[in-house]
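In what follows, structures are represented as structure tokens.
Here chain A shows up in two complexes: once beside chain B, once beside chain C.
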Partner chain A sequence: MVEIAEGCTLDSLPPMIRLVLQGRAAALDAAAGALGLDAVPPLLRAASGAGGQALRLGPFELMILPALGSRAGLDAALAALPHSLVDVSDRHVGFVLEGARAADILAGLCPLDFAPSSFPVGMVTRTLLDKAGAAIWRTGAQTFHIEVWRSFAPYVEAQLREVGRGISFSLLSV
Partner chain B sequence: MSGVFRLAGRGRIDPSRPVAFRFDGRLIRGYAGDTVASALLAEGRHLMGRSFKYHRPRGPVSAGSDEPNALIGVGEGGRYTPNLRATQVEIHDGLVAVSQNRAPSLRFDIGALNTLAAPLLPAGFYYKTFMWPRGFWDKVYEPLIRRAAGLGRAPEAPDPDHYALHYAHCDVLVAGGGPAGLAAALAAGRMGARVILCDENAEFGGSLLADAYSRIDGLTAMDWVARMVAELERLPNVQLLTRCSAFHYGPHNMVALNQRLTDHLAMPPADMPRERIWQVRAREVVLAAGALERALVFEGNDRPGIMLASAARTYLHRYGVACGRKAVVVTADDAAYRVALDLAEAGVKIAAIADLRPVPGGTLVEAARARGIRILPATTIQRAHGHLRVTGAELAPVGEGGAVGKGRAVACDLVLMSGGFTPSLHLHSQARGALRFDDALGVYLPGEAIERVRSAGACRGVFALDAVLRDGVAAGLAAAGGENGPEWRVTRQDAPGTGGFAGALPRRGPGHLALAFVDFQNDVTAKDVKLAVREGFRSIEHVKRYTTTGMATDQGKGSNVNALAIVSNVLGRRPEEIGLTTYRPPYTPVTFGAFAGHARGDQFDPLRLPPMDGWARARGAVFEDVGQWRRARYFPRAGEDMAAAVARECRAVRSAAGIFDASTLGKIEVAGPDAAEFMNRFYVNAWTKLGVGKCRYGLVCRDSGFVYDDGVVGRIAADRFHVTTTTGGAAGVLNMMEDYLQTEWADLDVWLTSVTEQWAVIALQGPRAREILAPLVDGLDISAASMPHMTLREGSIGGVPMRLFRVSFTGELGYEINVPSGQARAVWDRVWQAGAACGLTPYGTEAMHVLRAEKGYLIVGQETDGTMTPGDVGCGWAVSKVKPDFIGKRALALPAMNAPDRLQMVGVLTDDPLSMLEEGMQLVAAAHIPAPTSAEGHVTSSYFSPALGRSIALAMVKGGRGRMGTGLYAPCLDGPPLKVTLVDPVFYDPEGARLNG
Partner chain C sequence: MLLIDCPYCGPRAEIEFAYGGEAHIVRPAADVSEAEWEAFLYLRDNTKGVLAERWRHSHGCGRFFNALRDTRTDRFLAFYEIGTPRPETGEAA
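Entry: the complex of A and B
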């Protein structure tokens, strides 16, 4: 746990399997089924099933974080359907930003509104962290899972730390 | 109490907390709550600066952000900030401030001689005076003018502070915390809306902080403010920001605020940002920007000791400072009478009130009369006397028809002027809102708004306190969507001012030599504005640019309406026919540091590091920036310069083997049943017949037919391609693919995934590459027979999944080992160790460029410039003749795209093998052609080739392929032109024997 501001930690996530599934509705439905989900999550929402997690990043796109051993089932469910399933495990690195100031720190780099009413738990979206592309996923009231492309990680980490450095002074709370 | 002009028991400063600071080296004492201006005024000192052009002695005119005169430098070293308004700089222990634009001292300034030359320095004098001799401009005139003009100096040391930027969202943003703003914030806040209220001052209250007369719900104005602020602070949905200026109104209610966090602190916490920019996205905005009192334009109106009446009232009630002992008040508005009464009550003698109106009347006038103050109706101020401080004024009667009679001299040390109040329209105007001229008030008011914004209070011409509060509530409710708001009873208030004056005051005599300032900060006088009109400038925008009125950092806050009225009078046209100059951001100056925010130093732009960056750094590589990537350029050994290192690296690749981090290559996985069809439409090449496990060089054109990008494409499966792009083109190609897929070919079942950073690429190139690699790949036969040039295999290397491409950008036997980037370093280390015995050598981008040039391989963006067809760069063979369509096909069929005299890529050899051409050199037909002449072509790449032992170059030459063996000349900047011969661009191993080895 690395504290980057009072009551706020930033940690790197260990390597994990990440798959990008793209396809039409039938393919997304099939994948959701294979992951043990009732349905494909709505746009910009994440859902969790026995076979892993699905992040609905676009109309025709799911980012899938499969549970151990569930890849085969996913492949089988998709076999007969047009789709593209690409392993991007190493394309990204993940961070967890957690704490009372987490949303404030993100607001130093991202123009989205992180108020719980606008960005509730379970919401995920691709966006910008200053000049780097990123995906931000709110996994808890004060917890964000951040995915960035590997080469941008040092930049993003340094920016988060820099914003964290001055975050406790005269901040907004509305 | 320190300061002989400080009045005990008055003001909002804290007498229990004395503060000491330095101004021009002298120790000044004040109190917590003082500004530099109020502390100096408390010592009886008005002189605080010298003016821009004439170096006139100047003192503060205002008490706020509209101050044009009292501009000072604050801080030391990297923290030095020029041109801060002394009226806004809060003092703290240890503060160091200096006056500006004077030499050797503020009291005696040699530059003041400019005043004597004023008749020779009219508006536009630069354009008139410095025309001849032409050659003098650069060397003499411009440096002189630059030294003489300008205010302050730029700091030279790096800024040691850090700055922050934050995005914020709210339902209602209220800009301005005076009575209207407080009322609006409370009305919206009580509804539960997310409210941000900001004010540029250190505390909320605005005009109420200088109002000792009004009573609201029985409270003094200041007590009412305290109560309102306390309630707002208790509301969790309301955020209060002081020292925070709304300076930019962007599209869609994106409003930028600049919050100053540390400048007022003697010992700021270590990590506290100096300033923070808030980019606020507001659903609704309420502008409560207030109004600014106008100066009067008369001869000598810039003498220290002449200030706005409202400013004197602020210094009295906020800072407990009397700005003088004996005041003359010149006014065209009732409000100045309240100031006179307040000052008189505080012990300041009011020598006279000169009222421009023939019959001033009303409660305030009667009250002044009752107090025994001498009131002179229909009286103007002919001129003010004094130099470093005003010593007196000539007050003269204005007769019927405006003729000014002989005046009388009145001694004084303070002249207060009031030309009425100008609503602050800056933010409304920045939001593209319309303006309308109000005849009754004689000023512009906000007209129809475009954004979701509404003005409230004085900034829309509502001046009476009870009406201002109601207006604020109404605006707050409207913004928050409510109906019932707070109500307050104003139990005592002054009637709103009537009257007002704009333009130059009437005077006796033509005043050809009189300096009556319209724009104090830019030293623009009334006669400058009149001269501009006489010289034919009719538009206020042209007058502004010709005279520079309103162009200083104060944005013409005090001067615009006066300049407009002067133009209007001279032209005999109504003000609304003249228009008003555009208000541009920022409302008040913002530091560069705040704009930079956390994007400074290494964090200015993302620095993307490829997987083997650490390895290269440990080997002492020299790097170059390629877009956002930092790539190893070469790996010098002890004593080697770049040429030696690159030559050694090239020889190693040609004789043994080289290893190169090619991970930055763009990579796109194209997958789906229609992948081949998509590729056929997107690339100029044909893909249907490319077998699984085979590679092909692909070329992308825009629909213009010009080369856009290139790269090797491998077919992983019938429905899956591994596409590579150039490093710089990766994002552009993916975007273009998505663009076509989503808009033109949405029926295709094919999807794109960027895998640039999924796959790291280790290029292993050279005659011994196979020998090094073969033992490392797990059970894969990579023999020439099994895996010839332009093939690919999926497999693993030491257990790490791998896509192995046999491709070459060097002309040697070569492989590009694609492995997941998280494990690439381990694989690289293994290959490196395995190659040690074979002379494996790391090479960088520079050697890569030399090696490819020896083979005549083009680089998109180096040989091409966005106007080259595939045929131009020798790749006509790649363009499919049989495909029904592809991007660029129609354009490529145009006759002009196939004209024989198009620029074509050729090799170029200098006749002297050791002469080097420069990239970008023009090639011409003869050694000595008088200029101007047209070029036959230009050099695109030039290197020394270790393999050939001589210089080589690539060039684009008109009809070049038909001119092999002929000569051209490359003119040099220094020395005679170089003679060159056109040759085939493949300099090395033209048969490709090494490639296929």
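Entry: the complex of A and C
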């Protein structure tokens, strides 16, 4: 747990399994069923089920964070349907940015509006953090899960710290 | 900076997108002449006015879509999905 600004922490997530599923509606429905979800989450939204979490990054794409041991059920549910299911665990590094200024720190690197009205809890999207592609998922009012490609991770972490330092400095009473 | 309205993700900054060139260019059948094939590969209209063009939301949902943009003013008139016909805007092409 590293504090990068006053009341705002940045943590690296431990290694975890990430799958990218590309397919038409039938394949996405089958995957949602295997994960224990009632339905495929709407575009740019995430949903959690007994079998794991599904992040709807595009109209024909889900990023799946399966619970331990649920990969077999997923494979079985999709076996008869045309789809592509790729394990990208090693490609990604996850961060959790948490605190009252978390949205402000992201806004320093990304042109998206992180106000709760336009980026509510449960929203997830791919975008750019400064120059690096990233998926940003709001898991709580003041908590963001950030997925970046492994080779970009030191760069993104340094940029987040830099913005955090700027915000801390601007808060100093002179 | 252009504000581009992805049909799937909503309005996003231009830096998230990749340009895909002119839209609605149909690939000819396999038995065309070399001149027709050359025209398919290389010849474009270089429109001054409303242009139908492809964009890809490369740092977002990853999908291609079409847009109508006035090349004189950079103003976007419409955004629509790949495979749907060019919408009527009432402006001269």
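Keep in mind that, in the parts below, the second predicted complex is superposed on the first by the 167 of 174 C-alpha atoms of A that agree within 3 Å, B and C clash if a C-alpha of one lies under 4 Å from a C-alpha of the other, contacts with A are read in each partner's own complex, and residues count from 1 in each chain.
Here is the rule we go by: a contact is a pair of C-beta atoms (placed from the backbone, for glycine too) under 8 Å apart; a residue touches a chain by one contact, two chains touch by 3 or more.
The structure presented is a predicted model; accordingly, all values stated were derived computationally and were not measured.
S.K.: Under the stated touch criterion, name the partner, chain B or chain C, that contacts more residues in chain A.
M.R.: Ranking chain B and chain C by residues of chain A touched puts B first.
S.K.: A:Leu57 in the overlay: touching chain B, chain C, both, or neither? Say first, second, both or neither.
M.R.: second
S.K.: Contacts for A:Ala158 in the overlay, against chain B (first) and chain C (second): which applies, first, second, both or neither?
M.R.: After superposing on A, A:Ala158 lies in contact with chain B but is clear of chain C.
S.K.: When the two structures are overlaid on chain A, which partner does A:Pro111 contact: first (chain B), second (chain C), both, or neither?
M.R.: both
S.K.: Let me test your reading of the model: by the given contact rule, A:Ala77 touches which partner, first (chain B), second (chain C), both or neither?
M.R.: neither
S.K.: Could you list which residues of chain A make contact with chain B in one structure and with chain C in the other?
M.R.: 60, 111-112
S.K.: Residues of chain C touching chain A in their complex?
M.R.: 8-9, 12-13, 15-16, 59-63
S.K.: Can you name the residues of chain A that touch chain C in the complex?
M.R.: Going by the criterion above, the answer is residues 43-44, 57-61, 111-112, 125-128, 133.
S.K.: If you look only at chain B, which of its residues touch chain A in the complex?
M.R.: 162, 164-170, 194-196, 236-239, 241, 259, 261, 269, 271-273, 276, 278-279, 281, 598-599, 602-603, 605-611, 629, 669, 671-673, 749-759, 820-823
S.K.: Show me the residue ranges of chain A that touch chain B in the complex, using the header's touch definition.
M.R.: 15, 20, 22-24, 60, 82-92, 104, 107-108, 110-113, 115, 118, 130-132, 149-152, 154-156, 158-159, 162-163, 165-166, 169-174
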